[in-house]
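If you scroll down you'll find the structure; I have some questions about it.
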Amino acid sequence: MEKKSEYDILTDKVAIPYEIAAGPTWTRFFEGFRQEKIYGTRCRKCKRVLVPARSFCPRCFVDTDEWIEISQEGSIVSWALTEYEYYGMPTKPPFIGALIRLDGTDSNFLHLIGGFDLSDPEFVRKTVKNGMKVRAVWNKEKKGHIMDIKYFEPVK
Amino acid sequence: MATRVGIVDIAMTPGAESKDNFLDQVYKVTKEVLDKAGIKRADVGTVISAASDVFHGGMSCANSYYWDAGGAFLKNGSRQDGESLFAFIYAVMRILSGSFDTALVLGVCKGSENPENDMLTHFFTDPFYQRQVGLNETVAAALQMREYMDKYGITGEQCAKVVVKNLGNALRNPYAHIKKRVDVDDVLNSETVLYPLKQMECAPKSEGIVAILLAKEDVAKRLTNKPVWFKGYGSSMDAFYLGDRDLLDGQLKQAAKRAYDMAGVSNPKKEIDVAEVCEPYAFQELLWYEDLGFCAPGEGGKLIDSAATNMDGNIPVNPSGGVLATNPYVSRGLYRLAEAFLQVQGKAGERQIDKKVNTALAHGTHGFAGQCHAVAIIGN
Amino acid sequence: MGRPVAIIGSGQTKHGRRFDVTYPELVKEAVDRVFDSTGISPEDIDGVVSGTMPSMMEGVALTHFYFADVLRSVGKPILKTETCGSTGVSLAITGYYWIASGMADLVLVVGSEKMNEGDSQATMTTVVEPFYQRYFISGAPGIFSMQSQQWSVHYGIPEERVRAAATKLSIDHHNDAFDNPYAHIKKKLTEEEVNNARIITYPVRLWDVCPNSDGACAVIFASEKMAKKISKNPAWVKGVGYSGEEYWFGDSDKVVWQCAIDAAKQAYDMAGIKDPRKELDVAEVYNPFTFQELLYYECFGFCDFGKACDETLKGTFAKGGELPCDPSGGTLCTNPIGATGLNRVAEAALQVTNQAGDHQIPGAKLALAHAMGGVDQYNGIMILGSKL
Amino acid sequence: MTKEYNTLKNVIELPHKYAAGPAWTRFYDGLKQEKIYGSRCQKCKKVFVPARSYCPACQVSADEWIEVSQEGKVISWALSISHEFFGMPVSPPFITALIRLDDTDCDFLHFIGGIDLSDAKKVKDLIKPGLKVRAVWNEEKKGHMMDIRHFVPVSG
């Protein structure tokens, strides 16, 4: 019990464990990561290539079971530099979250932009532009996890 | 009311743990019901789902996650939290308002990914009082059971009979989670969770993703030659603190009365042909018999002794095996409704009851010792 | 369409850091206020709709149990509507359908949040699944920054011009809040203070972002018969709209934002509105971020696409302008998430019934209320009018 | 238990601070002094315990504070011999119970102890509805429901 101003405040921590089934699509997608490959799937009907790979097209509501290895290069659609930190956040600031349109795909892939100094927002603003070409940089050690890609770095 | 609301079709997943990803399951079930009804996603008017946040699924704002898997891309939709019969009634309201011709109702709960129900229901408590003394749904149920036995002389055998009946029925249900032939001794000899409550008298933790398609009268008649009609609904809420309530005089009577009044049911014992009730703890089915008017107060034990609620009895209860066999916490009300629908349509397969079903009852409850109840009546 | 539906009263709490009351006591404050102001007895209510943001914010699951007593819902039918940030408008829409369906004549609708008891941005991470997106979306500001950044680049609006428009909105709304007795943050800000404030998620700075507020809002919806019997001055529901899109943030275009456009179109069609900028007198647009408010002006047809900055800097949407937006100070100054959308509805109802006091837009007869939710994913709208 | 298919383990853990407000603050202060407070509704005159700021039924202020009896009658009880529950402040064996404290109008949720709990039959023979019990306090007080250790049967 914490005393703040006039009345008590009860502090508590709620921690709840879950174990979430990956299912065939995530399993295969992350297997690809272990081999430094990014997979997408194509919708049978609208022919859009969606990445990450998924089992159905949200719009056509049909299966998207044609697997395609996707280019590891793409261009930045949008980005945001995060400067603040809070409890429960998996990535430490500063970091740049970005939407990236990987070449040959029809959706935007969400990941980080990095490989240069992020400490100065003005420098970041001058460096990162929408439409800029970027390429995936992989971590040496693979865990079958979205962070097996370390970040996307600008293509020189 | 301007129009009647018909249930066109249903689809659901079995209750046992599956290896499938959650989103794939939602997609498949949604697609299945649309395919059965022969309509396209584009023709769905509105999508109302039921799921709980983090506590029963690990995702906050639960319906954000499965919005597109549930067919709702660029649709008007909403979500009900906690009890899935709420989603059903909200969808009925939307059709009755004249704004939508069809509504897709989803119940979404993948229990296999969650921690035990007792851990999750512990967080229904207030932080200051009931949480500090460790309350959860099982503790509340055990306290309710003790009072019930003490007041009416309900016996352990009578409570155990509910398990024997329901798990027996579940053997015929391909969607049931727990499939085990048991007798009264098996139940009474199972672990004492909280005396007098036995482990086999407590519902398991199951998966349950269910999709139900509703339509206004003319559309329903076009989509199926066997529409099942919405007849009545009632729900009611009880006070929060367990100690402020009379655990043997709860809100189910009120919820049932509202549903019966709307459906024009005056003698439920005679007019309800089959009931799917939500009994997360075995003795509750006996107590609910009384509240639903299937027998007089205190007579729930005698009713099960008389075999009237067996598959071949006068008023079969839970031919599906009920919640004791399959307990997808949030979805269980809609599972009851889906089963009631199949009974009215005569499509319940091996678990179809033997007599003609004109009127069926589906019941959902959530909260400690039945804090909140919902009852729906459907018929042909 | 269904039966006509009216709003006959609302009650908002004082907003802020409300460590002086427990969560149910806070909800009670709003509920008591709506009953006091309408003179209705709780016994007359046919049903109750309750909603909050995710349980993780509260640390209490299924809060309708916890609030059962204060909602006056004991012995009554209840619904529990939740759609993330759009919960407040979804609650109002639930109240609307309940009555429009003919299943009730009086429905109490209550939204609430105690944001300071939990960790709001940490809660937001739990909206985002842990396989993929959770690593990149830094609570709410991250996605809104990406959205506004993409928007300005798409229309070739210079960064300085976007900053200037956002700054004007920030200064105006924090000033407007002085006229709203229920607002949380009221502040006289200078351009310099806003432009140089601490960066949250570049380009979003501190005064572009809403606060964490504790508060609740209660609204009573009524059928035509009851509204005419009880209220001399009801606000009539003229239109409702709601639309949502894919969960993955990268799957849909957030610049020409279809679910926002569709939600508005549904509501306009129902209300018979052809030219929203001319016909609406006031709008309570959900604006947790200044940048996002600009984008809504375009999606809701208040101005052409790409023109929101120009129109904002001209004063089109300020008090005294052609279509005043958020004269209450909006979400930017007061954000108890589960109540926020309902606050917008309550404010719109106050405006069209000429009860908004110091922030009344003179002669307002038609008002729009809006909220957004999900992973930048849902938009919901309710339009209220002074005439049936 | 490890599952035989791919899963992602995820613990959701968040901190909370709950405002106690005046009623809980005062109630806990009472516990620290070995007093149990209830409050009386202005309208229906019922006494509720723990004390609260409003009457749950009438929703009017219940601000007449009353020190209630530390004795009462058992309304219902349940015994855990070995089953552990998450969040339970005591380890098995324990008895959780609803107790109607003398001259109050609702049941108080707490524990019964101070008796042999190893045999359910014996416990059942002892604890009948209406059995008189009395609060036993922990030495150290934290301003918490468990400042009351449990209730024990009143002999004679």
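In order of appearance the chains are A, B, C and D, and numbering begins at 1 in each one.
Basically, contacts are C-beta pairs under 8 Å (C-beta built on N, C-alpha and C of every residue); 3 or more make two chains touch, one makes a residue touch a chain.
This one's a predicted model, so the numbers in the text were calculated from it and none came from an experiment.
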Distance in touch steps, counted as few as possible, from subunit A out to subunit B: 1
Among all chain pairs, the one with the most C-beta contacts: B-C
Subunit B-subunit C separation of Cα centroids, rounded to whole Å: 33
Whole-Å gap separating subunit C and subunit D, where each centre is the average of the chain's CA atoms: 40
Whole-Å separation of chain centres (CA-atom averages), subunit A against subunit D: 47
Per-residue overlap in subunit D, given as positions that touch at least 2 other chains: 5, 7-8, 10, 12, 14-22, 24, 56-57, 144
Contacts with 2+ other chains: residues of subunit B: 19, 54-55, 58, 68-69, 73, 113, 115, 119-120, 123, 127-128, 239-240, 244
Residues of subunit A whose C-beta touches two or more other chains: 6-7, 9-10, 12, 14, 16-23, 26, 58, 87-88
In the complex, subunit B residues that touch subunit D: 19, 54, 58, 113, 115-116, 118-119, 122, 127-136, 138-139, 142-147, 150, 191-197, 239-244, 247
Subunit C - residues contacting subunit B, complex: 1-3, 22, 24, 48, 51, 53-57, 59-62, 64-69, 73-85, 90, 93-94, 96-98, 100-103, 123-124, 126-127, 129, 241-247, 251, 258-259, 262, 266, 373-375, 377-378
Touching residues on subunit C, where the partner in the complex is subunit A: 19-20, 56, 59, 119, 121-122, 125-126, 130-139, 141-143, 145-147, 149-150, 153, 198-202, 204, 246, 248-251
Residue ranges of subunit D touching subunit C (in the complex, touch as defined): 8, 10, 12, 14-24, 53-54, 56-57, 59
Contacting residues of subunit A [partner subunit C, same complex]: 4-7, 9, 12, 14, 20, 22, 26, 50, 52, 58, 77-84, 86-91, 93, 95, 97-99, 107-112, 121, 124-125, 130, 146-147
